[in-house]
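Shared between the two complexes below is chain A, which pairs with chain B and chain C, respectively.
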Partner chain A sequence: MRIARQNWWTAGFLAPSVGLIGVFVLIPIVLTVWLSLHRWSTATPFGDAEWVGLRNFDALFSSELVGRDFRQALRNTFVYAGLSIALLIPLSILFGVIVHRAAVRGTTFLRTVLFATYCVPMIAVAIVWSKLYSPTEGPINQALGWFGISPQPWLSDTGTALISLVFLNVWQQLGYFTVLVVAGLTQIPPSVYEAAALDGARNVKLLFKITLPLLRRTLLFCVVIALINAIQVFEPVATITQGGPVGATNVLTYHIRQVGIERSQGGLASAMAVTLLLALMVVVTLVFALMRKGDDR
Partner chain B sequence: MTRRISMSRRAALLSFMLIACVVTAFPILWMVATAFKTPDEALQTPPVWVPGSPTTDAFSAVGDVIDIPRSFLNSALIAGLTTAGILLTSLLAGYVFAKYRFRGKNALFALLIATMFLPPIVTLIPLFRIVTQLGWDASLVGVIVPNLANAFGIFLMRQFIAGVPDELIEAARLDGASELRIVFRIVAPNVLPAIAALAMFAFVYHWNSYLWPLTVLQGNEQASPIVISLARLLTYTGSAANTPQVMAGATLAVLPPLILFVILQRFFVNTISRAGMTG
Partner chain C sequence: MKRTSRYVALLLLAVCALVVAACGSSDDDKGATTASGGGSGDKVKISFLTHWAPETVRSFERITAAYEARHPDVDVEIRAVPFADLLTTLRSQAGGDNGPTMASIYDLWLPELVRDGVLSRAPEANAAEVQREWPANLAGAASVDGATYGYPNEVDLYALNYNKALFREAGISAPPRTWDELIADAKKLTKKDGDRITQQGFGLISSWAAGTVHPFTSLLYSNGGELIADGRAALDSPQAGETFDLVDQLANKEKVSSAQMSTADANTTGPYLENFVSGKTAMIIMANWWESALRAGMRDRFSDVGTAPIPVGPSGDAPHSVSYSWLTVVNGKADEAEQAAAWEFLAYLNSPESGEAGHSGMAGLLQSMGILPSRTSDLEAYRGDLDREFLKAYVEELPNAKPFPIVLGGQEFTESLQRNLEALQAGQMSAGDAQERSQADAESVLESAAG
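Now for the complex of A and B:
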């Protein structure tokens, strides 16, 4: 195939994707950064934006209400993400190891049930769980009662509301991460285990000395994806808690949308989005750095 | 690992899996059970686990609050058209990234892939404004068009098309086939499982997606997909006595993606396994 001809096909085949992603993803990223330095109402054209330098960021890190609300949402978001990861990763390793072994019948069924939750719309998950958590007629408190545990306030208390949303998230995503872990496990050659077994290594030791180190790349990928997913939590907050009680479940996707769309403070909300993006980049870099440190050892 | 497991450990493993299945399936089972309860049963403490006299009243009551056929049609349009767009754009771009050589290819690919890790909220506000400027706000066009291409689809297609033998493509070129023909007649049939998986991913994702339609549609009920109508159903039926009605609505909304998954889960699982590995 001649080069000139290939150039035409290259351009033609890439144009739809690059055009769409360019207009609807890349340009909006640049605009978010640009708008964060302006006072701008979302109800007006971009041309009406008024340059304010870093004043939006000053407000976010000031002691004003705007700043306190934002920092609470930022903190809630990363607490939610951290707790989700802390529960999801160990559980997905546990289920992954069990499903992977497949020495007992029924593992495929378990995998199907686990993964099915991933396909349920988040809005339905949020609605169902809000009823499950109901303090009086909800089945969760009822079931806890069987074990002598007193009823919990769940979504209605500042101390338990955010963790209640974490459980809901873990329930929905566990199957997805289990499948990723199983995929990672299948990449480990059985000969590694056979050699270790000859050396007399026992099960738990095998897990920590062989399985987990060899699974490190998969787990790194899982942590990053779980983090990005956690930042997108929106439906349960928007429909069930409205960020409450007293801001306890106010997370960034909800908060930025409230400020930027509902209140039309587009410049301020863009500054929040930029701060989120920077915080996310710092965290992801840290996760990678920690992993690399592990590699050197 | 094929090692012998003792009977007692086998029993322990089985009971663990049984408990895991029950705990995982419980919220979905509770949703369906509650949809068939009477309002009285929904209010009882301790809760009624299985409806005494199952009734479909709650399902008919859903239609009093939201337009069910219209919502399903809107959801099908959003998920269907978006999926078709993603398949087409991803196949073409994936082919270029897998089989062509050109200057700046790796840089362009890296730029596109980076957008895969971008939380949508970061671009939501300017994107909403762009769609409004284009005159697409409060309409399905505004919901659909910005999602017709995405980095995940391109990445997935490139991974799988890279495995199609070059000889196959060269042979078709020697026969005088155009590149377009090669993509659809040679490449696509060879990566059919990946296409099926991408189609399901995209369909389920866009059937379920909430933030973007909520933002674009601004309460336009005529264009609301089922997920948005479901939120409205919840708002309009505050008291606990209406719980069966809300659960009936949720059951209806969950069915299409869940059925699709159960039928085609084999592709789903195999593909995230392979795509995940290279991530």
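Now for the complex of A and C:
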């Protein structure tokens, strides 16, 4: 009897949060999956959706325009995410270690500068960087000119446009990941370093044998968050490049918006969103599996 | 105790149900609320979605204020978004409680918006006015299957803009009239530092669908070709092949055009504009509406800007610019009171009543941006202004201009062609491959849109 009463209370207190998660997370996901199996214009009611089975997914992997554009956007998204992580994680470790070591002068200033970039809205960052990257009038090319380096095309060239957006992302996000790394570093007991120092370990060895292994879980969290953030990139593409040149910066979030809203092909866009979700689940699972494998060793 | 706990749990569940119900309120609820609001003597609130720049919006606010003074029961709100967000904003907000009541749209978008039921059909009086007061081709561009869906407001076409100072410096006395002259002049006007172009003879715009495709289409039309003929893609014609070859020559073979110097951003500004304004682009094919941007950027040097007809290709007979129009439409999902107020406001905005010296308020706004108005009485009222040097060549070419094809899937068709042209400009594809792929993509898009 007491257990039954407890169950009612438990259900009652869980209901608001579970209900909200259901309404705002689960139902949209289920709806997106359902729509991905239909031909549906986003400007019409759901009732007008026409069942097409897996035809939308078939189109995404076909050799036709729809498939080519989708695969390029998927590839761009993962290249963007991979490059962002490859730059963000080492740099945040570097800055985290510097900031954490109070003995180094200027850490307060560095910390302030790093955190400040994270406070700036991405849309403002995108607008400012689009001016910095301007091929002829941009300050970056002018600064390169002082060192005899010829102006770079940055956002105007298919070979450099995506990496230019990665730099912008890294600049903005670095402060956040440095905070996470600093938080992780504070969890490592000083006694571990002292013991290692007694055994003769010095700077680089301490970093690779003590700091990084003990930061493993923090870094795993950083990788997963950086991955999710990078896959959600939208503002710089929409503001500066509109996916160009030649689709070089066309990432999936922007492409899904273009297909789903601008072209009103809601079913196709839903199929893209579902495919992205599945791809993301696979990647995150792989990251966790790799980390777990490391833990087992 | 048992009963109390059940009541508490049920109460919490009821709260959840209310949250869900509130989030899922239906269109019927919306209609009832708005209608009662309108019926109780409150103001009818209508909104106008546009992509105009802040200075134009400020001028527009003066017109809406004058209208509100005459109609105290109506409140007109102006919402401005960047051009790149205009269609997405319209599509994503049209069905919502707070969606725009009126919107300025590109005629290419009309068939799909009508198909999806987003737009309101013009009431009989408004439709009759459009058919009576506008040239037949523009009234036709605002109609689908014989039904009128909006007021045409602007008409745009393309011409060759060139920098007269750079022409003088290069010893060229007149703008090119043929493609051969275009290439020869562009070579003389191009300056390089090693392999890097520091001054481009001809600018090929990229990262903007219309900015890339419309100049190409103008060259294609001026070479006797078509984009779509008899409902099917016509990019496999010899004339189209010659046009793809021309782009290849300008971008890759003669290297008189720099991809880096001609990109656009979401506001349809960016390096292509900056480089023309700063005298680093000698020639470019652009629409009449960019006059205000050129004036603002070049100030005293604006007098250096020359305008000439589109150079004619080897298979063409005369310059034929592509033309397109814009129209103002009403949200078909707004409630009846709002729709009625919106149509009444649009009639005022597009009539001489809202403007000065015989032109409409809309025409005044368009002219402030260098855009050609379309109402017959507005063209008459502005006859003197349309003779100014920059616009004259555009106005003279208007009778020879050919409209961009308005078909279902038109936007996707434009974007697919843009992608292939950009690949050609970037040297990622040969002219032949770009033509072949453009034709295949166009066929696929048109077939899919029709199906």
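Here is the rule we go by: the second predicted complex is superposed on the first by the 275 of 297 C-alpha atoms of A that agree within 3 Å, B and C clash if a C-alpha of one lies under 4 Å from a C-alpha of the other, contacts with A are read in each partner's own complex, and residues count from 1 in each chain.
As a working rule, a residue touches a chain if its C-beta (ideal position, glycine included) is under 8 Å from a C-beta of that chain, and two chains touch if they have at least 3 such contacts.
Computed from a predicted model, the values in this text were never measured in an experiment.
Chemist: Given the superposition on chain A, which partner contacts more residues in chain A: chain B or chain C?
Modeler: The partner that reaches more residues of chain A in the superposed model: B.
Chemist: Is A:Gly184 in contact with chain B, with chain C, with both, or with neither (first, second, both, neither)?
Modeler: It touches chain B, and chain C stays clear.
Chemist: Quick one: is A:Val120 in contact with chain B, with chain C, with both, or with neither? Answer first, second, both or neither.
Modeler: first
Chemist: Scan A:Pro16 for contacts with chain B and chain C and give back first, second, both or neither.
Modeler: Touch status of A:Pro16: both partners.
Chemist: Contacts for A:Thr239 in the overlay, against chain B (first) and chain C (second): which applies, first, second, both or neither?
Modeler: Once the two structures are laid over each other on A, A:Thr239 reaches both partners.
Chemist: First (chain B), second (chain C), both or neither: which does A:Thr42 touch?
Modeler: both
Chemist: Is A:Arg257 in contact with chain B, with chain C, with both, or with neither (first, second, both, neither)?
Modeler: So A:Arg257 meets both chain B and chain C here.
Chemist: Who does A:Thr112 touch here: chain B (first), chain C (second), both, or neither?
Modeler: Only chain B; A:Thr112 stays clear of chain C.
Chemist: So in the superposed three-chain picture, is A:Leu276 touching just chain B, just chain C, both, or none of them (first/second/both/neither)?
Modeler: A:Leu276: touches chain B, not chain C.
Chemist: Can A:Thr136 be said to touch chain B (first), chain C (second), both, or neither?
Modeler: In the superposed model, A:Thr136 contacts both chain B and chain C.
Chemist: Under the contact definition given at the top, report the residues of chain A touching chain B in one complex and chain C in the other.
Modeler: 1, 9, 13, 16, 19-20, 23, 42, 134, 136-137, 238-239, 257, 261
Chemist: In the complex, go through chain A and note every residue touching chain C.
Modeler: Residues 1, 5, 8-9, 11-13, 15-16, 19-20, 23, 41-44, 64-66, 69, 130, 134-137, 150-151, 153, 155-158, 238-242, 244-247, 257-258, 261-264 of chain A touch chain C in their complex.
Chemist: Where on chain A is chain B touching in the complex?
Modeler: Answer in residue numbers: 1, 6-7, 9-10, 13-14, 16-21, 23-29, 31-32, 35, 42, 45-46, 95, 98, 101, 103-104, 106-107, 109-117, 119-125, 127-129, 131-132, 134, 136-139, 142, 171, 174-176, 179-180, 182-184, 186-187, 190, 193, 218, 221, 224-225, 228, 231-232, 234-235, 238-239, 252-253, 256-257, 260-261, 266, 269-270, 273-274, 276-277, 280, 284.
Chemist: Inside the complex, what are the residues of chain B that reach chain A?
Modeler: Within the complex, chain B contacts chain A at residues 1-3, 5, 10, 13-14, 16-17, 20-21, 24-25, 27-28, 30-31, 34, 42-47, 49, 88-90, 92-93, 95-96, 100, 102, 108, 111-112, 115, 117-130, 133, 145-151, 154, 173, 179, 183, 204, 207-208, 210-211, 214-215, 227, 230-231, 234, 240, 243, 246-247, 250, 253-254, 257-258, 260-262, 265, 268-269, 272-274, 276-277, 279.
Chemist: Name, in rising order, each residue of chain C that touches chain A in their complex.
Modeler: 1-2, 5-6, 8-13, 15-16, 19-20, 23, 84-85, 87-88, 91-92, 94-95, 112-113, 115-118, 193-194, 196, 206-208, 259-261, 263, 265-266, 270-271, 274-275, 278, 280, 411-412, 415-416, 419, 422-423, 426, 428, 440-441, 444-445, 448
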